[in-house]
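Questions regarding the structure given below will be posed in turn.
Going in written order, the chains are labelled A, B and C, and every chain counts its residues from 1.
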Amino acid sequence: MSALLEVKDVVTAYGKIEALKGVSLEVQQGSITCLLGPNGAGKTTLLMTTAGVLKPKAGSIRFGGNEIAGAAPRAIVARGIALVPENRLVFPNMTVVENLNAGGYPRNDKAEIAADVDRMMTRFPVLKERAMQDAGTLSGGEQQMLSVARALMSRPKLLLMDEPSLGLAPLIVEEIFRIIRELHKDGATIFLVEQNAHMALTVANHFYLIEQGKVTFSGDPGSLAEDEVIRRAYLGSARA
Amino acid sequence: MLVDLIQNTLDGLTIGAAYALLALGFTLIFGVLRRINLSYGPAIMLGCYAATWFHVQFQAGLLALAAITLAATVLAGAYVERLCFAPHRDRSAIAAMVASFAIWMQLEELATLVLPNHLYAFPALYEGGPLGFGPFTLRADALVMLAVTAVACIALQRLLYRSRFGLAVRAVIDQPVAARLVGINLPWVFVRVFALASAIGAMAGYLIVASAEQVTPMLGMWSTLKGMLAMMLGGLGSLPGAIVGGLALGLIEAHSQWFFGPQVRDLTAYFLLFLLLALRPSGLWTTTRSVS
Amino acid sequence: MDDYAIGVLTNIGLFSFLALSAYLLLIAGEMSFGQQAFFGVGAYSGGVLTAIYGLPLPLAALAAMLLGALAAFLVGLPTLRLRGLYFAMATLAAAEMARILFELYRFQREIDGELVGPDGTQGFRGIRWIFERGIEPEGYLALVWGLLLIALVFFVLVERSRLGATLRAIGQDPELARSCGISVERFKLGVAAAAGALAALGGVLFAHHNTYIEPRNFDIMLGVHSLAYALIGGLGTAVGPLLGVVLDIGALEGSRVFQGYRMIAFGGLVAVLLIFRPRGILDEKAVHWLKARFS
């Protein structure tokens, strides 16, 4: 069976500088697939390319068998991919509820959107507490949960997550990853980008290492010694 | 003395209402596009000139003139958006602004070619004397101005906070990358916000020329300057700030003109803006919002 | 060459100083809507010094440049931390204040039976130093262009030097420049003062060419024009702003072809041009290409 997401030889450049130099990987349906690597390796660039915010110079991205490389973000959301971006990017001057409604923007089934908002509040009780507060006043961890909930509002088939642990205290990080496990148990397919290799490996079914714009390793957790993984995720290897 | 103070305050609020509308239009465009549209005033002027031309040719009625002003301004605004802003979307802000300046020149010359005089009469909003309230004078068109501005602000508020379109606009203003990620079509929003801003500007322009009962070629530059000044006073990028800034500008002008005359009036406004920018760039209204 | 052509060429020359002034700030990363104020400072001070105090033009010009630099410094200091649009609006506010001050400025003396000097909104007549010395239009043209050429040579030398590289670095990424130990604020103030002096020089030359100036000459239109000249001509080289001035004043006004609808033509041209070349005709890429071609 072919993978839900197939990335082949994708090249993305900022002007003349190539951030992705031919990246290939796969995300299987129902899995948590992780992409690990140091800062600047191209993790965010890959997610932004998949989400349509950046256009690849070359290569193909297939989702459920359909080519999506170069499509506009709204088309990609319509196909069922949602991105929880790096640094959360909540709408700071809109309330929690409005943020969730924005997440459901492409949908027009108003009653179901409202029902989904309620479901999010149930799943993330802290959001219910702060429902009418401006998102900018939430703590980092609360914003992260809001960002995840907002992405879920479009009922995606594939959830992309960009460094959800960034800037969060260890206890909050554990909470976030508990939620990731929960979502996975409920049937979600997740493509997770992280620098926190240790936490990522606790949830991953499969992982890739990316260094300087190229995938340098692919395997299951355990196929590479954890400290080796962590070293390469933070520093990159000498060979890359 | 107190009577003068209150009278000036009333006059200041009246013109301030027009300034507030102008500032709202500027702020909508800036909030969403992060660019200053230097053709904003000129598009309004073109709209008013189109109405004037109709009045000169056909003696059209007030409502018809209002409709023509609205249509012509929105059309001119769409022209500006397509030529000056759409092509520079992901590129240089300066290029867009200089392009909008170039079209300012174009629109102004177009208007003066069609109607070359320095002054044209414009039908008044209210044919009748000013209304007296004890020692105060309030012109009926001033009341209309205040009423229309209030209604426009309420309508805008409802549009922005109770509609799907409004949600999209606020999302784009707040966090454009996230707005794209949730599937909002940014160019679609830009075009509609531009039209909305043009419509609000047309309203302001129409009220101003109908109150003054005349229209001059200076209207373009004047509207742009006042709109920008009010917007910056209230805090760049803030919609409530635009209203506060507009009213504040009107009050500052009315009072300083009374005491010191027209030149000092303008001097005061610019000086206050300069001071504000040097000390507290975020404006009179906004607190923590940062606009890059 | 007829007097009209000489007049046009002279105007191109002296407005180029204003365009260079805006260009200098753009290179350093700041957009100014207010260079016309320093143009005006130069015009008024130079005019007063020659027409009322009888100073020779070179001396008056120098003094005017110093005043322009000082005025620019005074505007630049409180606005140092401002960026982008905030800075632009601050310069606009300052320039409009200057214009209003020109409207309020009255200083007249009787010279040879005539009342000479700035008279508020009525303007400033009688700046006749050039004519009183019998300097021919061609002579003045040579003077203006001679000075402009000196300025251009200076610019080219600076562009090639480390100073030029520093300025462009500040313009493109001030944070990065700061982290390299560059005192961004000091440079910006220096640039502001230099730009003020340049604009003031243009102003002095303008005042003596016209013999009559009024506050309306120095309004926001002039300011945005100077910005437009710099951007259209191209930000890759100091010749860029010059090109912008030539295109507007030279080709369009000079040729008398588009009489009556010059701005409709020019405005449309500029907007379309910017779509294809957002950094002007002689942008950095074009300049690189030309250098490669001719080296």
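Operating definition for what follows: a contact is a pair of C-beta atoms (placed from the backbone, for glycine too) under 8 Å apart; a residue touches a chain by one contact, two chains touch by 3 or more.
It should be emphasised that the depicted structure is a prediction, and the values quoted were computed from it without experimental measurement.
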Pairwise touch network: line, ring, star, complete, or other: line
Centroid-based (C-alpha) most distant chain relative to chain C: A
Central chain of the complex, centres being mean CA coordinates: B
Separation of mean Cα positions, chain B and chain A [Å, integer]: 42
Distance between chain centroids, defined by C-alpha means - chain A, chain C (Å): 52
Chain centre separation (chain B, chain C; CA means) in Å: 30
Sequence positions of chain C contacting 2 or more other chains: none
Touching residues on chain B, where the partner in the complex is chain A: 164, 167-168, 170-171, 174-175, 177-185, 289
In the complex, chain C residues that touch chain B: 26, 31, 78-79, 82, 84-86, 88-90, 92-94, 96-97, 100-101, 103-104, 220-221, 224, 227-228, 231-232, 260-264, 266-272, 274-275, 278-279
Chain A residues within the chain B interface of the complex: 51-53, 72-74, 77-78, 82-83, 85, 89-94, 98, 101-103, 105-106, 150, 153-154
Residues of chain B touching chain C in the complex: 36, 38, 83-84, 87-88, 91-95, 97-99, 101-110, 113, 221, 225, 228-229, 232, 236, 263, 266-267, 270-271, 273-274, 277-278, 281, 292
